[in-house]
């Protein structure tokens, strides 16, 4: 049932930004905390270089395996302690966070753009183009990408380019599937069909009408994929593939720290906590975004 | 309201708690009575509260809904006071429902026969085997073509009309005293609608059921009903025997609807339109809810809501009833 | 109808397997000369030519492709580069351990995920629902390698209650199963809840209520058979993720299964073993998808018995 | 194809008035309902089967029939929104099939369509004023300020309150949404408007408002209307001529009063008698049809209506009846009733 708003009633907010601002005021505490974590992580990702106290690979062999702050033997110089080579864990953590987040962001965006474009292509051309893209989508969805990535890294060698390529291809099929479905729905029954009947060109229909309308579900998918991409990178780096010394990432730090669990547990726990808090916050935020944007989930 | 009526609904108010603690009232005041074996049509546009009234009668209100005022008396028993378990028993044996969307109203993973047999078994303590064979008889009775095959089929295998027949078989399985048909034919094509209407009328005679026809289609009302209750914005605004209502509607809303209705048997000179729209449920105007759309509205209408007053054979809630015959 | 459905699904399984094999074949060729890849660096030209001939690399790519297929069909995945053992034998020897871990974790996930999902749906928007769903978000946001390490730190190093590595006794299983099953169980709970909520809002549930069916009957006979259908599909789709997580879990707990074999083979570029495991996992995926499709067809009559002619919805 | 902008001159209209504005010649349209695979051929059925129709300038032709009879597909064929599988769809003397993409797009200035689902056919994100203006933008008609003025005038014409012009569709009621859709379709001042079930999703009192509006605008703009509907009461109010469809074919076609007061095809007769009349005093003969319509995928042999017909004869199964004209009233039946 839809009723007319009475004169004087507030017109519903429109536009993504307006809605976001409006929504910010109605956030529950859990979402507010998640947003705070995400903002901190974003800040670190952008400004890591400017706030780090030591170079991340600067060794101090006299101060090896120093414990983090509240523990006995800790110092303010190394608030999160040091690792086996006496490198400052806090500085390494900043750089590792930056690396992991940038990689995850790049990977997610690449997958999103690729998937969305292929989704449009499949829906627009139909016939064998659609069949081919749909087969690829099914294939990608059927095979565990993590395993494929392991195999590819084995075959092609562990190079940064291959690794970036694998991250970019992670999860593209979900965007393709969503986009294709939504474009087809808009064309079969909806506003896209109407604009076509008015004499609009395909480009006008897709860019002016369809894309802005399917942006919300795509952004929601982005928030679901982002933490998974973080886990994808950190898992591979944890296994010693992906990011490897001298570079560092959260997964690499954690994998490294695993060998010192008995003597220096913080080397594993500190980066692990950062990964966990980030993915958790992203999931909480994504869930909240989804219930706001997806009318079928609002009851 | 006579006490011998099968069903008497008196000043029924239904409230629903919305998210965030607001309470809305989809039904603000519904009063009507229904005699045994008779047919009452509950007419109105979407959102007028007609379906909600029927859900309230049968205890099927959604979780956040409740009867907040009024009485619903079925055969001398006030249903508003009954606990859920007692209401369940009443639905098994006395009140049955036929919903609009039969295809989705039937469980997609159970056979038609299973679903009807379940209704039989819920009414009386019979063996499952016996219930199944009753289901077959019922399907046959509602005119399902090839019932022996259909009894083993699933809803998606049947047409809309056949699903509605199955839904009716399921409803009459409990041999109810009261059948509520909520827009039961709205989704169907007109030739199929005619079949279903004929079937309901037929079963009504056979079982001696009373029927409440919930509909927006005034044509259908004219063909099926003995009496009519017109609802607007949660209230029954006019009640009358069907012939009287069509011959001389007294409420301006009823008259307006009848005058704006295209007819298949002749072309109207002009279509008279009721301007404006139904007020939203959470922003009802003060006074008469129809006031803002009514040509006869006065200051009285804008300040005080008219009560439903008994009048010759029916009832009316209007400060300025029409007296003449309609155009 | 059933036969067509089955045939269709089988065909898709075969196509997927073919795609995987082709993928592996080309990626192996793409990386350069497999002989150079697979032999030590200091061999002389004669040896290289000998192997090239032996592996048929002097022939056209199509002949190679064909031979590759033939070899795979005969179970010849090549020889492990490390100890000259037959790759397939090596992998098969590790298979039971991984199957034990994976299936137990799956069982654990379903055992907790489904009932809690159903209960959360029934008590939608109550404190219980929020608690369970909050826990689920924690569960699937927790990286399993981190969870594993935390468990080892807590139960092995601090409390000294559970062994941190190996697979000898049932005590060895507790932490790996929990690590592998938690995230999966959390996801199952979420899907079960949303599927159940969807079903509870369907018109046929109101019909059941209108019949006077009591709560337990509505739940077990009307709601659950419908709600289970999408859950089965999702669980099937997520088996791949479970396998991926198993690789990491086996590593964390030094569980002697395929996952650990895979990571060490990848590290050493033992391509025969990697390719064999990849095929094995692809086969598992295909078979589990097939099983899900069959289960799905069995549970949903709309799939099993197609539309009858004349039924126009 | 030559498309003239703006108002057509009266003289121009008069000179063209003899030939139909739109016509379909033996059009059929098939849809695949089972895709081809390696082992079997694709199966298709004809949603519209060899239909010919002329639309005269200024008239309102209604196409009626039950769901699945092909009336919406026929509407799309006439509008040029869908290519016929067989036959030709001609508008203003030009076959749609002969048009280039650009010419086809500019033909939209002359033919417009209104779909049943008003909410769905509006962009959920844009204010309605922008959407009403959009056709002018798409075709580059006038200067930007002129376009805004014309959009405003059109919104006035469909009586949408000024305070709603900046609203997005979800803030409007169903009736208001349909007004916006009508405004958007008419802003290019088309010659032909095809309405596919324009009021069936609306409430009774709102339905009357929209019908009154359509009738009003039709007179003002001299529109030709193809009105597709299952609601025969609405059709009686608005149409000049009516075509009754059953399983993809026209079974009866003629002037409204002739068809409605003396239907000659048994299906038309049954269909009309099945519509309830809002008058308890009206005593009408009922012709109750048995069963469901057969699936269009497997139409019966001979006459397609024979499986439900009350006066079926052996001949009906053997030979398919043709559409036979008696004056301007056509009927497809071996045993059609004589005109009274």
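All chains are identified by letter, namely A, B, C and D, in their written order; residue positions are counted from 1 within each chain.
Note that in this section a residue touches a chain if its C-beta (ideal position, glycine included) is under 8 Å from a C-beta of that chain, and two chains touch if they have at least 3 such contacts.
In UniProt terms the chains read A, C = ABC transporter permease; B = ABC transporter ATP-binding protein; D = ATP-binding cassette domain-containing protein.
Just so you know, these numbers come straight off a predicted model, no measurement behind them.
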item	value
Touching chain C and also chain D, the following chains	A, B
Farthest chain (mean CA position) relative to chain D	C
Comparison of A-D and A-C (more C-beta pairs in contact)	A-C
Distance between chain centroids, defined by C-alpha means - chain A, chain C (Å)	23
Intercentroid distance (Cα basis), chain D paired with chain A, Å	49
Cα-centroid distance, chain B relative to chain C, in whole angstrom	52
For chain B, residues contacting two or more additional chains	46, 159, 162, 277-278
Junction residues of chain C, two or more chains touched	310-312
Interface hub residues of chain A, defined as touching at least two other chains	3-5
In the complex with chain D, residue positions of chain A that touch it	2-5, 7, 11-12, 14, 189-191, 193-201, 204, 209, 212-213
Residues on chain B engaged by chain D in the complex (per definition of touch)	45-46, 145, 159, 161-162, 189-195, 198, 216-223, 242-243, 246-247, 256-258, 260-268, 271-275, 277-278
List of chain C residues in touch with chain B within their complex	202-204, 206-214, 221-222, 225-226, 229, 299-302, 305, 307-308, 310-313
Sites on chain D touched by chain B in the complex	66-67, 173, 175, 203-209, 211-212, 215, 230-234, 236-237, 260, 270-282, 284, 286, 288-293
Touching residues (chain side chain C, partner chain A) in the complex	12, 15-16, 19-20, 24, 27-28, 30-31, 134, 137-138, 140-143, 145-146, 149-150, 152-153, 157, 197, 201, 237, 240-241, 243-244, 247-248, 251-252, 262-263, 265-267, 269-271, 274-275, 277-278, 281-282, 285-286, 289
